[in-house]
Every structure is written in structure tokens, then in C-alpha cells.
Amino acid sequence: MSADDRDSDLAELVCELCRQFYTLGWVSGTGGGISIRGTDGIYLAPSAVQKERIRPSDVFVLDADALDRCKVVRAPVDATLKISECQPLFWNAYRERDAGACLHSHSLWPVLAARIQVPSGRGVLRLSGFEMLKGLRGKSNLDEVRIPIIPNTAREAELTESMAVAMREHPDVDAVIVAGHGIYVWGRTWIEAKTQAECLDWLARAVVEGHRLGIVRCSSVRAVQSAMPRRCPDAE
Amino acid sequence: MSADDRDSDLAELVCELCRQFYTLGWVSGTGGGISIRGTDGIYLAPSAVQKERIRPSDVFVLDADALDRCKVVRAPVDATLKISECQPLFWNAYRERDAGACLHSHSLWPVLAARIQVPSGRGVLRLSGFEMLKGLRGKSNLDEVRIPIIPNTAREAELTESMAVAMREHPDVDAVIVAGHGIYVWGRTWIEAKTQAECLDWLARAVVEGHRLGIVRCSSVRAVQSAMPRRCPDAE
Amino acid sequence: MSADDRDSDLAELVCELCRQFYTLGWVSGTGGGISIRGTDGIYLAPSAVQKERIRPSDVFVLDADALDRCKVVRAPVDATLKISECQPLFWNAYRERDAGACLHSHSLWPVLAARIQVPSGRGVLRLSGFEMLKGLRGKSNLDEVRIPIIPNTAREAELTESMAVAMREHPDVDAVIVAGHGIYVWGRTWIEAKTQAECLDWLARAVVEGHRLGIVRCSSVRAVQSAMPRRCPDAE
Amino acid sequence: MSADDRDSDLAELVCELCRQFYTLGWVSGTGGGISIRGTDGIYLAPSAVQKERIRPSDVFVLDADALDRCKVVRAPVDATLKISECQPLFWNAYRERDAGACLHSHSLWPVLAARIQVPSGRGVLRLSGFEMLKGLRGKSNLDEVRIPIIPNTAREAELTESMAVAMREHPDVDAVIVAGHGIYVWGRTWIEAKTQAECLDWLARAVVEGHRLGIVRCSSVRAVQSAMPRRCPDAE
């Protein structure tokens, strides 16, 4: 076990990852965040605070053995802080998938990619034809990956049930997109959650840029190889 | 009260936020800035200096009890520095709204989003269909938010009256866009001002990217849910 | 005179600005750079080195009184380093305009903006309708600013004469764009050079994004105010 | 020889470059990486780890005299780490070209530029009309440079032979693009590899942005100079 995984460091790790996510554009405007399961509980950032500025003493630790409710094991020093509104959604990942970490990103790319392919806000985002698919659990770059998209609701907690349903319908992927809102991504460890979130962000941006460029979407590496060349007019 | 809010730190906080805004692309070319109200006055960056390089000793403190004029409580060490040209506009927020902070960003996204929707430079930017609306005071993601847009003028101070009028006509929002120029955003605290500015920047960029992608603008979450699916041709 | 302008710090300042320009995307691939005039000579980065990694001991100091040639006052510790190929072009700014600093950026935005408006590579880039014009020497946001564009040549030094001619034909601006290549920007001080470069980069990007979005180019603030509204279809 | 090239520092340099590549968007989601040849072997990052977080003790040193196989000279402290899957592809550069370093980037720009010009995934990316071409070994800005594109495969190692063939067919360039995947770039030193990678990234992005803007692709500086002006409608 590396130093990063020791419980004493998990509160600091939550802060460090939030700062990194801020530079990636995932948690601006106090949105988004991450939770990580340690041996003494699940570490969670507070609600509605600037994610790039939280400190270890601001982090909640919640009971990982009582996933049917929200029981505080260790509260932040600042008593005015509240638990993140994402908590019931993060708990879906711990309860349904035995996750080790779950993050929530407000990156523009999954939101736009979903709106391009599924304007209704209910369906799946189809991703294919790129190497980065390999960064997703159990997937090869030959696969077409389908990430469920669920409609947004007025309050974050109201998404709990539809997110759980989408998770059960798509057991092969570790992410759910909320239309017009953002993406939830989890993994067996915080590293797997973050790695999958980065791959999905790359893939979603490729969908957006490809749509903008009018380039073909190919369903697999094989298809790419056999497709008729469609050079742009000025490529001679 | 957290350490960040102690007056002794406000001059440093102004500098720190200006550095952060520079990395966000909000204050390049010496433009933009932030002012914050403390117990001993309103802290304000100097005019026409590189915002990512100002130091606490460069920050003005102005009288917060004399909002009808510009009275210096504490001048910078460098006597050649001048008060930001934004001062009369920032004062609108303190006078009309009892704000705790007001910032000015030159981000491209509000400028472009306003020009797309209102080329005349006088009207409102309509924002809807995204979760980030929740980051705005009193708004839900079901609302259509209207941010006033006022035409630019030759000198910044000439905007004072038209900005005040726009603020009175739109009491439900904490921002005014100046066409071809940038955006003013305020809040009860510097955190609320910055959070709302980040949410508005995200929303404005979503307007720009969505226009570029030719995707539909939906007036509410409900509308998103009931809209007929309009899949892109290659999404099967 | 501030600490930043003391000669003992100018070599360090050249390095610090190169690091900043790297994060802005202006000096990738060893391209671009900056020169600054001090009391003991003109400080200049070496040629063909990673600009984000140069150290003060790598910086050349050249004779500022002998602008008809390139005379080394102080050479870098590393004898293998060569003077930047931009030197004759930087010297144009010192000779023709009595500049205090001159920089060269490989930013994509001026290159693309120039190609959009003037595909032939010889002409002027017209900039208007934005507040950022005010950051340019002697300009207001009501002006239409014309930045000369000169065709690129096989070797950088071959641009010396055509750049000088463009400078004489456009005495009201402090920049020359080299088609398909980048931009030269100067000023009375390094701060003025950098500020104007940041404003021009913002303006060039606005030209590119505006072209992409199909939005109208307005020749002045007045025109913006009087123009007929051309709302986008979904803005009601 | 500078401090950066001393073998004792090469493990640290691998880590430092990986952090820099992360901020450039080249190695997100654990993808990509770099290998550098020192006097005691080839330094190589481990497989499937977060590239922005590796430490010198995580770096493998492999035998540079046994390029027909993969022989470990010094293993990381953490015995669970595995050699990068890119190793056989990096070895192509050492074996075929006597490279001093080879890197692999997952940047979106070469992937998109290749797909625009060669949707079939097998062919060449043509780059011309830009100064940044000069950053490529032996090239001038008058040249049209052709970077080979090879189809992607299910496993990275399966690319070894087709990459070697592409290298032999294109001895004048130091890069191979893998369709839908990324780019391999090498050089006589790590500085040359990184410089060429940055220039290619700039050029690929210019292809993408130019395609999006509908601007003409010019085959040489000469062509740019002689081309008929095609001003955009609103440029006078």
C-alpha cells in the first residue's frame, strides 16, 4: 500500500484532487467533488464551498458500513459546513458497486457530447473508435461503450433512484451522465475513478470536436481500417 | 469568520484572486479585477497594472461609508499607482445592492455569448437548461435567467449610470454584461461573487459551444425531458 | 523604478516571462521569446532552446548603442548557446521605435486571424468593436486598429527589411504579424510590450471565434449600438 | 553536458516531463509517456499509472545494448509496477533511428488532424505553410511534411511492426501517428524529441482549427505569397 492510500492522508488527498480537478475545469463554481473510502470511513468534501480551496480539516468522514443512511464519523472543525449534496449519489456507487471512490465532474465535454447525441436527455452516449476506451474497466479500443444519460432534476438528491436504475441497466460501465449537469464516475480505487474520468473526458471532447469538424464516427478500429477514405477536399 | 476574511489578509486576497483570474483568462492585458469590502474599507486593485503581479502594498483601501464619492483610506506605497477605472462601476454594487465584493472579468465567453444572442449590444443574455444555474443567487436549474447587457462606451466611467439602471431593472441577478467588453459580477461575499462569476462563465461558454455545435437551446429541465429526441445523424 | 526594472534582475525577468509565455502557448517548440533593454544593454534569450527552461546565466546582453550590428556585451556561461534568430527583428523595434522591449509569440490566434482575413499573407488585420483595443497604445475602443501582416520567408533574418517597412507604414501600432508564423510586439517598457501582446492575443482569438460562430464584425462601439438586432433563432 | 543530462537525474527528468505533458493534455488517463537513453540504460515510466504522479523510484532502467529484447537493468522499488506497454514501440526509435529519447502523446490534435485528412486511418498527415515546420529535423517552412499514419490495433505491442515499416518508408521525419490513438515522436536527445512533439502538436492543432474555420491549406510559403487574396466578407 502506497503512502497515498494511508487513511491519515485521505483528507489531504481529497483536497489535492479537488485542486487538480479545478485546473481541469471539472469543479468550478463550487460544483463537483470527490469521495474516497478509507478503512475508517468515506472521506467527502463539504457542500457549496470553493473546491480548489478546501483544507483537510474541512473534510467529512462518514460511516462506510451504514450505506443506507448518512452517518458522520468525523465532522469538520468548522461546524457551519454541510455534507455535499452529491452524497446520496456517491453512495449509489458504494452500495451498488462496492466502489472505492466516486467523483462528480461538471466538465463541459460530457454535458455537450450527451446533448449532441441525445438532446432529449435520456439515453446513452456512444463512444467508439478511440484508444482511450482502453482506460475504461474491461473495455478494448474495439468496443462501443455506452454511458447512460439520465435527465436532470431540480434537486441533486432526486437523481438517486434514476442513477441507481441506470447503473443496474449498464453494469459494464462505471459512469452515469446527468443531462445538462455533469458526470458521475467511480472505480475500485480513487486512481481507477480518476483514470476513468480522464478517459471519459477525453472521449467526450473528441465527440464534441468531431461533431464540430463534421468527421465520421467509426464504430470500431476494424471499421476505421476498412472504411473508404474520405479525404478533405484540400488534402489533395 | 475564517482567516481569509480577516482585514489584514484582504489585500493579499485581492492579489491571490487576481492571479487566479489571470490563469482563467479573465484579467489579461491589465484588464479586469476585484474589489472586496472589509471592516476598514473597500480593498481595490490599482488601474492599468498587470493583475497577476500586484502585491498587497499596491492595493488601495477606500472609504466604504462614502459611496457617493471615492475617498482613499489607505494609499499604496507606490504613489504613482492610480485607482482602478472600474471603481465607479464596482461602487454601483456596494450602493445599489449592499454587496460584499464585486469583480470584473474580460473573459471571452460572456462577450461572445452576448454577441451571439444580442448583436445590438443592448438586451439580455438568456441562460437555461443547465445545472450551473443553481450557482446563481436564488435560482434553480429550472429557471431561465436573464443577465442584462448594456452597450459599451468610450470610457469605463460612462457606464456607471446605464449599469445602475440595468441593475434596478434586473434585481434578481448579480451581474451585468458590457457588450464587447466583459462582465461585472458581485455578491454578499467575495466567495459568492467569485462562485457566481465562475458559474456564469461556464454557462456563457456553454452558449457559445452550443451555438457552434448547432444544438438546441432548451428553456428548462422539464423541456429537456419532454423534448423530442433529435439525435445526430451518426448516433444511429 | 521598481525592483523588476533593476538590471541585476533583467536576466531573471527574461526567464520568468518566457515561462509565463510558455503557459500561454506563445513559445512552444523553442520558438518565440523576449528581449528587454536595460542600462547595460539589451537582454536576449538564446536561440533554439526550450524557452520555459532557460536560466539567467543563459541570457545574452547585447550592446544597445550599436543597433546597426549585433555586439555581445555579456555572453552566457554556456559557450555553445547562440543568439536568438529573432535578434535582427527585435532590433527593428529598438532602432525604428526606441522600444524598451520587444517580444515574439507563436500563438495560434494571430496566425489564424490573419489567415482568415488575409489569406494572401500580405495586408492588414483589422480589429474593432472590443474594449481590449484600449490596451493598445493611443487607441480607444471606438477605433479600427490595423496590424500589418507581412509574408513569411525561409529564414527569420530575411524578414528584417519587410518588417521595418511595415513599421514605417503603420507608425500608430506596435506590432507586426508574420503570416503563418507569429507576431512581433514591442513597447516603451516590457510591461507595455507584454500588455499589448496580451490584448492583441485576446482580440485575435475573438476574430477567430467570431468567424467560427458566424457573428457580425462591427467597426465601432457606435456601430454596435445602432446595428439592427440579429438574434439567433433560438433566442426567441 | 548540462545537469539535465546526467544519468543520476534522468529518472527525475522522466517524472518532470510527465508532469509537464500532463498539463499539456498529452498523458491524461495514465496514457502516453516518455523514455530517455542514458549511459547506463534507457529510462522508462511504468505502465498504467498516473503519469503526473510518478516518482524517480518508479522509473525502470532497461538495457540499451539489448534492443532486440526487454532486459531490466534497474527495477522500481515498488515490485508491482510493470514496464510501459509502449516499450516495443519506443524501442523502434532506438533500434531503427538510434534515438536518444522517444515519447508518446495522447493529445487530441494529431488524432483529429489525422482523422480529418485520412479517415481510413492509413496514409499520411500533410503539414505545410507554417513556420513551426522549422522545428522538425531538416525541414524548412517551405516544405510539405508528411507524417505517416498507421491504423490502430487491439494491443499496443501489435503496432510494433507497422510502426517500423512506416519509419522505414518515411526516413525524413521523426514521428508516427496511430489513428484514433496518439503520436510517437523521437529525437537524438530528449530536447529534440520534446521540441518536435510540441511543433507537431501546434501544427496538428492548426490543421484542426483551419479545417473548422474553412480556411485554405497552402502547400508552401511561396504559395501563400502568390495566392489570390480571399478575404472574408466582413473584412471590408
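As written, the chains take the letters A, B, C and D, and residue 1 is the first residue of each chain.
In this section, a contact is a pair of C-beta atoms (placed from the backbone, for glycine too) under 8 Å apart; a residue touches a chain by one contact, two chains touch by 3 or more.
The shown structure was predicted, so the numbers you read here are calculated from the model rather than taken from an experiment.
Colleague: Chains in contact with chain A and with chain D: which ones?
Modeller: Touching chain A and chain D alike: no chains returned.
Colleague: Shared touching chains for chain C and chain D?
Modeller: none
Colleague: Report same or different for the chain A and chain B interface, where same means the shared residue numbers exceed half of all residue numbers found there.
Modeller: Under half shared, hence different.
Colleague: Through what angle, between 0 and 180°, must chain B be rotated so its C-alpha atoms fit those of chain D, rounded to a multiple of 5?
Modeller: 180
Colleague: Based on the averaged CA atom positions, which chain is farthest from chain C?
Modeller: The chain farthest from chain C, judged by C-alpha centres, is A.
Colleague: How many angstrom lie between the CA centroids of chain A and chain C, rounded to a whole number?
Modeller: One centre to the other, that is 40 Å.
Colleague: Rounded to a whole Å, what is the gap between the Cα centroids of chain B and chain C?
Modeller: 29
Colleague: Which residues of chain C are in contact with two or more other chains?
Modeller: 212, 216
Colleague: Which residues, counting only chain B, touch chain A once they are in their complex?
Modeller: 2, 129-132, 135, 140-142, 191, 194-196, 198-199, 201-202, 205-206, 209-210, 212-213, 215-216, 218, 221, 224-225, 227-232, 234-236
Colleague: In their shared complex, at which residues does chain C touch chain D?
Modeller: Counting only chain C, the residues touching chain D are 28-31, 50, 78, 106, 108, 111-112, 115-123, 126, 151-154, 178-182, 208, 211-212, 216-217.
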